[in-house]
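This is the structure I have questions about; it appears just below.
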Amino acid sequence: MMEHIRITKRVKNTPTVVSLYFKWNVKVLPGQFVMVWVPGYGEVPMSLSQTEDEKCITVKAYGDSTKKLIETEAGEWIFLRGPYGKPFSSTSGNKLLIGGGSGMASLKPLIDRNTTGIIASRTFDELLFSDEFDEDHRIEVTEDGKKGIKGIVTDGIEAVNPEDFSMIYVCGPEKMLKAVYDKIKKLNVNAEFSMERSMKCGIGLCDSCSVDGFQVCVDGPVFNMKQLNGMTEFGTTRLLSSGKRVKI
Amino acid sequence: MVSLAVKTGGVSFESPAILASGILDENGYTMKRVLEDGAGAVVTKSIGTEERNGYFSPVVVPEDTYLINAMGLPNPGIDSFEEEIKIALTAKKPVIGSIFASNTDDFLKLALKMQDFGVSAVELNLSCPHVQGFGSEVGSDPVLVKEIVKTLKGTIKIPVWSKLSPNVTSISEISRAASDSDALVLINTVRAMAIDIEARRPVLTNSYGGMSGTAIKPVGLRCVYEVRKETEIDIIGVGGISSYIDALEYIMAGASVFQIGTALMKYGRSIFMRITGDLEKYMISNGINNLEELVGVAVR
Amino acid sequence: MVSLAVKTGGVSFESPAILASGILDENGYTMKRVLEDGAGAVVTKSIGTEERNGYFSPVVVPEDTYLINAMGLPNPGIDSFEEEIKIALTAKKPVIGSIFASNTDDFLKLALKMQDFGVSAVELNLSCPHVQGFGSEVGSDPVLVKEIVKTLKGTIKIPVWSKLSPNVTSISEISRAASDSDALVLINTVRAMAIDIEARRPVLTNSYGGMSGTAIKPVGLRCVYEVRKETEIDIIGVGGISSYIDALEYIMAGASVFQIGTALMKYGRSIFMRITGDLEKYMISNGINNLEELVGVAVR
Amino acid sequence: MMEHIRITKRVKNTPTVVSLYFKWNVKVLPGQFVMVWVPGYGEVPMSLSQTEDEKCITVKAYGDSTKKLIETEAGEWIFLRGPYGKPFSSTSGNKLLIGGGSGMASLKPLIDRNTTGIIASRTFDELLFSDEFDEDHRIEVTEDGKKGIKGIVTDGIEAVNPEDFSMIYVCGPEKMLKAVYDKIKKLNVNAEFSMERSMKCGIGLCDSCSVDGFQVCVDGPVFNMKQLNGMTEFGTTRLLSSGKRVKI
């Protein structure tokens, strides 16, 4: 069922990312997502970057639908259906969040006092939700090197001891997930990865987002290390919109 | 000793519960998993001669008792699909290749390739209700249907199944046209639409779509029954099956095996094991050794 | 000032919510009560030239989101029905006379009698899906439909509505054939069946029936939209309407007024007041003065 | 939804009436009815003559379906859907039950220590559920005069003072209901009448059973005196299966 919801607040987070806040009286857990419909433009899966009574989607403009969506002002309406997908596990211990690109959006609801963040992006002005972390719990990594560590996300991991955390949560492009996975797979850690694959239906039918027979939309988007272990497609191939198999 | 094994439409199945075309059957690894999770066979997404992206989202409207979809026949083109079929076949269960085309030549070309890839049968999509020039636009023309089926049967070695549309004035007429097939697959989705009053427009990007799920079961049962009344051809039932009771209704109306699609939205891949398990229990408590005993018993 | 008053299909209504043919419209006192309880008009049960008892029970299969029925066109014959219409007319709201026949002459005879009885329009049942020789067997023949409508329009003075079946390959084609009508009524029920696995037989005595209710709304919307896209003729929407949202969907797809039938099973006669009340609230909060502003706005 | 229920006990009540007992875990109130399907024969509305955990239908053979139905033995199955209709009101005071023909079947669940019964039938052997009443609370009326008062049901009413009862419940053929209604309408009494009209759908759609615009199947079958007051059709005309209006 399509919900019709009024945006209450619009915040620009980076030059290309906008957060839209709204009241929606439905239980959503960190890691779950909704399908947002922009009539006349398309429908896109969006993680929630806030999951309390007031909820939030954090949108990066990269296609027709999202370009239109980020123009939404407070007082305007959006359409969505959901929530869908399996959430992150909760943990009471200290957490390491690793977010690449706009990946930190779906990790944001997990942030508390026990949280350290590795925030990675291509350029310094694209670092997302860095300020949400205390200064001494924040590791910034940029490819342009204009802020924090110059490099990619795995370079940020060098700055911590992953085994110090009771859970590691990772979100970002699949290539990055694979790099992080490979880096920590031999360590004594618990980790969950939120996967982004191109999604059409969101309800486990169309097979667009599948990885090794699991549907990212219903079996995921959150997968743990055990589930990822031995997956043939993870980080290697995916299907295009047509169903054509391509390398990642 | 109850047995769910059945041979129908020229194919032998360990179990009568088959994955319907269009659901979880684009990626070879997914088809493999569905087979491993208990499906008796899978029918692939409908494949054409050329790569197609399908429609932009929204491509589905999910509701409690039905789903409306307009995917727009996305497919990588027949040549690219070989890899997926090879992966699916590693599960060592039948894979049925669904194909769509606008003319007999293309149907034949696709069928021959599917045969080469190792599928157990081809299923002709004569019934997709929402893409111009394909599907039901082809499948509602009895002359064209007859020609396509005859040509394929005269050339390829594997069985030919024809999947028909309920969106016709007479399903009996089209069934007669397709009677050279090894099996009829009844039914494809019902042409439908959803409108959002806040957006003041159809929800699907393509406006029109096909309705599936619980809500169309009475239409599917009617079509199977109507066709069974006048022919002995094998029928594969599909449309709104989500329990062993639904499956038995189709079987009693005249279907030998059945396909499951939209029910995966609510129940996931475990539905195959649940339905076959429930069928076994039903058979034991009703003294049925083989489901064949029940095929068409409701027809009078 | 919002107003629900509307003129469509040659008839003026105080309210767009009309009782559909086949439901609570055999007994004049019932029609009178439905009108007094808030219906904008009633369409009578379909009346033929001779008395018919209809089928033996079971004549309905009620489920949560749909109903399948096969009443079998019970009716007292046109002459005996005059008394019922006279009773219904005492409510001083429009009564529409539904008629069925197998040929043009009988349709004309029935329409002339209905006109004499004082109905505001006749609705031609070209769409009942479960009686041989009547309904959709007539209504799926474009040549016959054209002849019937043309003959009636040339002879009777009151408006002629044509109620069409979704059980055809092309609703557009039949709509064109019926385009001399003052309004098209879309849609009649969807041909369907229910089977009971314990009894191992169809539940309905007639085996086949017509499906109505929530489950067919997407089919009705599709038909209204499809016809609205290619013609300016007035459309009366019917099929699965049980809320003001459903009604607005039909209106945005192109219907001017709408009929309610199966929803009475769940909600009773009060549904007319509820839907019109909700429509008024919607109009006020959306700045709509007249529903005409919304007719067909979803069509693109 | 069609229920499939096993008959646990069969009791012959009169030469033409049989009671079929069954367990059915659904709440049914006195006065409500079910539609019983006899595959291949038809479907008939039946009041429940027992509404506890163990339920009962009491069947009089008068058509194909009921002739077949009364042959049902313990251990065999029946099909039914329901329950449907509005029940009798409950009352804590003393009650008068007036049942004509098989009408006492739907009144039977109301019987308790505070109940007086007027049981009427054409012949003495058709008196139904007479034994359910204490001897001094039982007034039998037969047209053949072979048992109790010779006459019709209204003659039985002469034997009591209707105003002595806090509620009068009546069930039987419509002609009888009308006669009772006419007899007591000017008295200071509360009364409810369970009406039988030929019924096809049972769910308020087909208009077969309507009386003055009310559907016996959903607005009834139980109507009180106020509802019956001024009804044009009550006791005068009804529709045949075809919809043709005939006198009652």
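Order as written gives the chain letters A, B, C and D; numbering starts at 1 within each chain.
As a working rule, a residue touches a chain if its C-beta (ideal position, glycine included) is under 8 Å from a C-beta of that chain, and two chains touch if they have at least 3 such contacts.
Every value quoted in this text rests on a predicted model; they were computed, and no experiment measured them.
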Shared touch partners for chain C + chain D come out as none
Intercentroid distance (Cα basis), chain C paired with chain B, Å:
33
Nearest whole angstrom, what separates the Cα centre of chain A from the Cα centre of chain C?
51
Taking each chain's centre as the mean of its CA atoms, how far is chain A from chain D in angstrom?
66
Where in chain B do residues touch two or more of the other chains?
201
Going by the touch rule set out above, what shape does the chain contact graph take here: line, ring, star, complete or other?
line
Listing of all chain pairs that touch each other, if any do
A-B, B-C, C-D
Can you tell me which positions in chain C touch chain B when the two form their complex?
64-66, 68, 140, 167-169, 190-195, 197, 200-202, 207-208, 211, 214-216, 218-219, 221-222, 225-226, 245, 248-249, 252-253, 294, 297-298, 300
Sort out for me which residues of chain B touch chain A in the complex.
23-27, 29-30, 32-34, 36, 45, 51-54, 56-63, 67, 69, 71, 74-77, 80-81, 83-84, 196, 198-199, 201, 203, 205, 261-262, 264-265, 268
In the complex with chain C, residue positions of chain D that touch it:
1-2, 4, 35, 37, 39-40, 42-44, 65, 77, 79, 81, 200-208, 210-215, 218, 232-233, 239-245
